[in-house]
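Next up: the structures, one after another.
Presented sequentially are two complexes of chain A, the first with chain B as partner and the second with chain C.
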Partner chain A sequence: MIKKLMTLIIIILCSGCWNYQELNEYAIVTGMALDYKNNEYQLSFLISNGNKSENDQTKISVLTGSGITIYDAIKDVSLMSPKELYISHLSIVIVSEEVAKNGIADLIDFLMRDPQSHQNFYMVLAKNDKAQDMLSILSPLADYPSQKITLNVKNSAKLQGKITDANFNLFIHKLLAKGFEPIMNSLIIVGNEEEGQTPESQEKAKQDAYTKLDTIGIFKNDKLVGWATKEESIGISMLLGNISTVYFNIPYYNEYAVTVSNDYKIDYDVSKDKIIVNVNAEGSLKEISCNINLEDKNEINKLEKKVEEEMKKYMEDAIELAKNYQTDIFGFGNLIYKKYPKFYNEIEDWNTYFTNFNIEINTSFKYTSRGTLDQSLKQEIYE
Partner chain B sequence: MTSQQQIKIIKNTLGNSSDIVTRNINDIISYIYLESVSSDDKISNFLMQSITKITSIEQLFNQLKNNIYNSHIVIETDINKCYYYLSSGYTCLFIDNEKNFIAIETQMKLDRGVVESTSEPLIRGPKDSFTENNAINLGLIRKRIKDPKLRIDELKIGRRTNSKTSIIYIDDIANKESVKKIKDILNKIDIDGILDTGYLRDFLNKKQKTLFPKIISSERPDLACQSLLNGKIIILVENSPYAIILPALLVDFFKASEDYYQSNISTSFSRILKWVAFFITITIPSVYIACMTFNQEMIPNQLLISLATQRSQVPFPTFMEVVIFVIFFEILREADIKSPSASGASMSIVGALILGDAAVTAGIVSPFVIIIVAITSICELVFTDMDFINAIRQWRLLFIFSTIFTGLIGIVVMLLILIIELASIESLGVPYLAPFSPLNLNSLKDSIVLSKTNKREKRASYLTKNRTKVKS
Partner chain C sequence: MNNRLSYTSLIYFILRATSLGISFALIVRFAKQDSWLAIIIGTIIGIIPVLLVEYIAKYESDKTFVDKIKIVFPKSYKIISTIMLIGFFTITIINFSNLTTLITSQFLSKTPNIVIAIVFIIPIALLITKDNKIIARVSLILFYVSIFLFLMSLLGFLNQLDLSNLKPALTNPILPSAYYYLSFNIMPIFLILFFPNKDIIPCLKKGYLLSSITIFIIIITTLAILGPDLTLLYQYPQFHILKRLYQDFLTFRLENIFAVQFIFDIFIFCVVCLKNCNHLLNFHQGYKQIIIPIILLIITTLLFATNTVSYTNMIINISLIFSIFFAFLILLFSIKIFTKKLIK
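Here is the complex of A and B:
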């Protein structure tokens, strides 16, 4: 009995505490921002578990370090942190325009290699401003900035076509797949960024600064090559087929009929010389400022035609943009590769081949509802 | 030998105890009883009346035997047996020059009567419970099962206490071998005394060491009768309001007698809740420790940050925090059960305020630990069997200690050990995990879920060979 007991005690005590680490000895990193300065990486970490302030709010802290490699920069940051940096719960990575233009392969290599990081977080580009500033813009609508940005991307991607729901995993997938190039959402700061970083700004109903999602950035391999406009962003999302809701301002009789499509289906007809994109969409009217009689079936048909044309235009513009930058962000090359792998391998460089590749777009649109009003309200008031 | 001489011998043996009462009538008849356990009324009303009606002294013994107003009289030759009768509340009657004596039942009622069950209350169903009186206990069973095949075998255990112990079973349902096994075990017991059925526990599971109970203790006669009808065996001991039900399986601790009086759907629902509570109450504190100290990546982002901020003011390591609080709660509970109800109020104030709110404000524990301990103890309260609750408490501590050193892996290992342990126990030859392992499809109808009464046609094959329950 004593022998057994001794064995048990020795087994337990000699194992030590193996992977033991108290939670409050960690500095939990929820956001990361990467900038360039004097040919060095500037890495900023958003640490979200500071002590509680007097009004029971958790304080956050942004630490910035620099180094010639990413890891070098992380070690520089850890010189400032009283606790061990813990990046398993990273939820957002912000990359500045400058870094993205030079290529983000280093960053991606580090994030994929690190056993601590999960690959579920979002990546966004910092347009115009420094990435580290975006990490420190406080918002009363979320507990800490990274949460605000993450939820912002998630919900905007669900509700409008301008934003893609592209997390890190999808980004690497596109980066490594044949005939596919990645895209990334971008973030801008609206207002005075210096003021926006103070807690006083948060006390106000109208904050001094806030972050806002902007248009899509287009990549070629790991380098940012250009920006899409708002319309082109919608076109890109439509061609990728990963949208659930998208809206269009349809010009009609010199005014607009706003149409929302909430049932959107896309399929691709792939052949060696061309790809036919068939889009089937259904939707409803949201706002009418033009003169239109909604009880007239012909009018509706005419409007539907107009929507189809508009959708086609959005997509064609997006393709035109991609062809200008010689980067196939829609994955048409990937479709060809999946169907005709031998044919694809004969092509020397898909991205240059893509510029002359024929892509045909067919759209069809149907209204399922026109809202609770039969007429344009403007029409009823003035007639 | 005169009757007075015989009584003198008895008095000497009993050491002239103060509760001995003797009387001599006409120098021929003497009787003796112990006033502490006998009813004076019964003796004066019935015994004295019968004796005074006798006129001749011829054939005195036979006259007495036939004329005493009492349905329960015993004629004994061995004077040594009269001590048992005296202690049981009998009056012993001696006649001059007669070897035999008559023991007449004149017991005083020394029980509290049939009252409502306190440890296993229920909402819908019979409210009576076993008491300390053996005859009443047997009666509560007998009046429910009016079957000639109901067997009550009695033996006496305890050199000094001589406690009546009854083994109750239904002859054509219960497994004969099990009955024989129990009788053998009980006959072999040589102990100075047993005061409760709890004394028998260790004799009944001598072979295997386990924390889980292999007997069910219940004070509900309806549960006892349900078990009898399913082929189980019951042991009752004089002066104990708890019946032992054998064999006991894991599923039995998730059942209540009430289950069969309600609709099967609501019973199934409450049983599923009990199974969930069983796993929660065993594992939750250790899962908390594992998540906080080893496997932080398991916690969702926002919860992690709120946990980390809560923890930041606590100076102790997480496991110490949990262990201290779990042990505090065990002590509080122990004190609450044992303390008289008058001090219960102060106990709850101390428990709720000092252990709860004040501990958090003082920064000794984080609020989340209190939630964890509260969940744990609430889930524990769904069970009624004290032995089973104790097993859960001990296993919970084992889980906590293994987690302190190895995190989630420790929980997985302990779960494996728990399953191995459960699978290796047998209660009276029946596997503890039946009907899951070995799988018995028919008995699954009354396990985690309960099917309708008319669909449960057969008894469990591991309990009995006579299996027809409902005839369609």
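Here is the complex of A and C:
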């Protein structure tokens, strides 16, 4: 009797029907944008599972709500949505410059605390424009704007050093670690943003507007304090060692020799008064606009020295920038803390101490390939 | 061999339950990145109670543990049994509420705790009506699943491990963490005594070692991936790291499947605890056997399941009090047996 009763209860309870909800009852959020307006958060959600259009394409929708807290703003958005908001598939969070300057601890707390949040998304800063506008710019190259931005970050981080592959997890890791400050990629809108939001814009070969990744934003704790230039962004990525490919336009004989480094190694010699950064890189020539003999070993050696100098300059500029903002985005303090914890703990404020801290950079670069051409084309033409 | 593996798996689950469920946060709170060292120290010192339990199990090995209590403590048998009963039942409530909290906070935030509690209490109640061999066999099946999930998740974490997160070493108090790890291990070790001595004795050290190794790996993996700061911040960091499998290892989200290994630990622990309560109450047949699970369900639902905030510190304090009691009891039991043997 007991067994029969138990079996019956198990059948009823374990049928998977508790809180049963069809997928189309959820508004699947794939992008989120946070702005400030009238001292309130303005939160926008990109809903990616709208009804299908005539040509069988899923329509997207951007809903914007406001509130004094993040949750308050979400609840305001949910008043507009006929479906329940579901943030498990969030892939991009765009934060406006204004919000970032005021601090994003509230947003991070919410995203970490919510059980629905999977925390595998990227965070980017909206540079010069409103974050919500970026969520609405359509692209023919991806189904949703969020997908376009995510793939853009992933691929750009892989293919060039200007962009960092820092996702949300890495951001909070740096935010909490001792002697480390976070950084974040930024996004800009190129073109007419209003026209870029229309489906007609997608039909054109040349779009009216598109989003483009820009330079790195520098944080101190949870607040945005400044921006890096393109060169400084490369320097930051190089010093963090999280790049797989980086390119340099090397000025040579009033022209350029474009060099790509695709084998990049970095190690640090840490002592209490100095950190020596040793960079060993290998790479290949991608484009040569100067007239040089590539079979001449001296020329190659000279070019390699130039690359080394350029790499060093990028990194030194990045360090200078970080020192100016008094924020150790490279985690040198973390290296000191891990090796000399007592010494680190004696320092009152590492970021202030960092401004006078000695960092030495040694670079070494070797060419391993000249591409598919053995010689400079200009050399052949003008000789 | 299979029988031995069944009991080894049973010990494996029992010993992992409290360490991963309750004491994990405490271990990391004090030792932070040195927690792995606290586990090693705790495991080494923990061999002492394991040996003592083995010594107790070997004494009059043909008799049940309840009979042994009657022999060793003929006058205070009832008091000791009552305290043990309260202890087992309290620890079960704590672990069971921890199980429902884990599920409501991480997987099913909209499902009422009562539903989760009922879903688990039914198989628990069903299993405690069976004899020890069946419980051991069930745990063996779960063991295979658990080990497979454990190894798969470990494989997925390999390229995410950042061992520099374990630096600086030896900068935090290790001994309090080792003490907590040890304390929370003593009571589960004591639970094992209720199983048939001849089955349990050969598996005790193996089960202990296996559970310690997996706990060590889980703690080192969690710290290496999250770092000490994030590990301290999350409610269930050991579950949280499973979310990261999605990034590099899996193209789909399976963290809930991988987290089942933690649920198995607590499930088997609750079964064994309640089974022991039935032993102490002499509830061996009929409807009596499911009285304890029903009381557990009611208490858990009424007292704990609706609140995940206020009982954390209470759990720690209560668990520690009972751990001290069981440590004292193991010691006293061993001394009594030793003196009895000496007199003979």
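Keep this in mind: the second predicted complex is superposed on the first by the 369 of 383 C-alpha atoms of A that agree within 3 Å, B and C clash if a C-alpha of one lies under 4 Å from a C-alpha of the other, contacts with A are read in each partner's own complex, and residues count from 1 in each chain.
Quick note on the criterion: a residue touches a chain if its C-beta (ideal position, glycine included) is under 8 Å from a C-beta of that chain, and two chains touch if they have at least 3 such contacts.
Treat the numbers as computed from the prediction; the structure is a model and nothing was measured.
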According to the stated criteria, A:His118 is in contact with first (chain B), second (chain C), both, or neither; which is it?
both
Look at A:Leu23 in the shared chain and tell me whether it touches chain B only, chain C only, both, or neither; answer first, second, both or neither.
first
Just to be sure I read the superposition right, which of the two partners does A:Tyr210 touch: chain B = first, chain C = second, or both, or neither?
neither
Quick one: is A:Tyr337 in contact with chain B, with chain C, with both, or with neither? Answer first, second, both or neither.
second
Between chain B (first) and chain C (second), which does A:Phe365 come into contact with in this model arrangement: first, second, both, or neither?
neither
According to the stated criteria, A:Lys52 is in contact with first (chain B), second (chain C), both, or neither; which is it?
first
For A:Tyr41, select first, second, both or neither according to whether it touches chain B, chain C, the two together, or no partner.
neither
Look at A:His173 in the shared chain and tell me whether it touches chain B only, chain C only, both, or neither; answer first, second, both or neither.
second
Footprint overlap on chain A, comparing chain B with chain C:
18-19, 116, 118
Any idea which chain C residues touch chain A in the complex?
105-111, 115, 118-119, 122-123, 125-126, 129, 164, 167-168, 171, 226-227, 229-230, 233-234, 243-244, 246-247, 253, 287, 290
Taking the touch rule as given, give the residues of chain B at its contact with chain A in the complex, in rising order.
292-294, 296-297, 301-302, 304-309, 311-314, 317-318, 404-407
Taking the touch rule as given, give the residues of chain A at its contact with chain B in the complex, in rising order.
12, 15-24, 26, 28, 30, 48-52, 58, 86, 88-89, 91, 116, 118, 143-144, 147
Residue ranges of chain A touching chain C (in the complex, touch as defined):
2-3, 6, 9-10, 13-14, 18-19, 112, 115-116, 118-120, 167, 169, 172-173, 176-177, 337-341
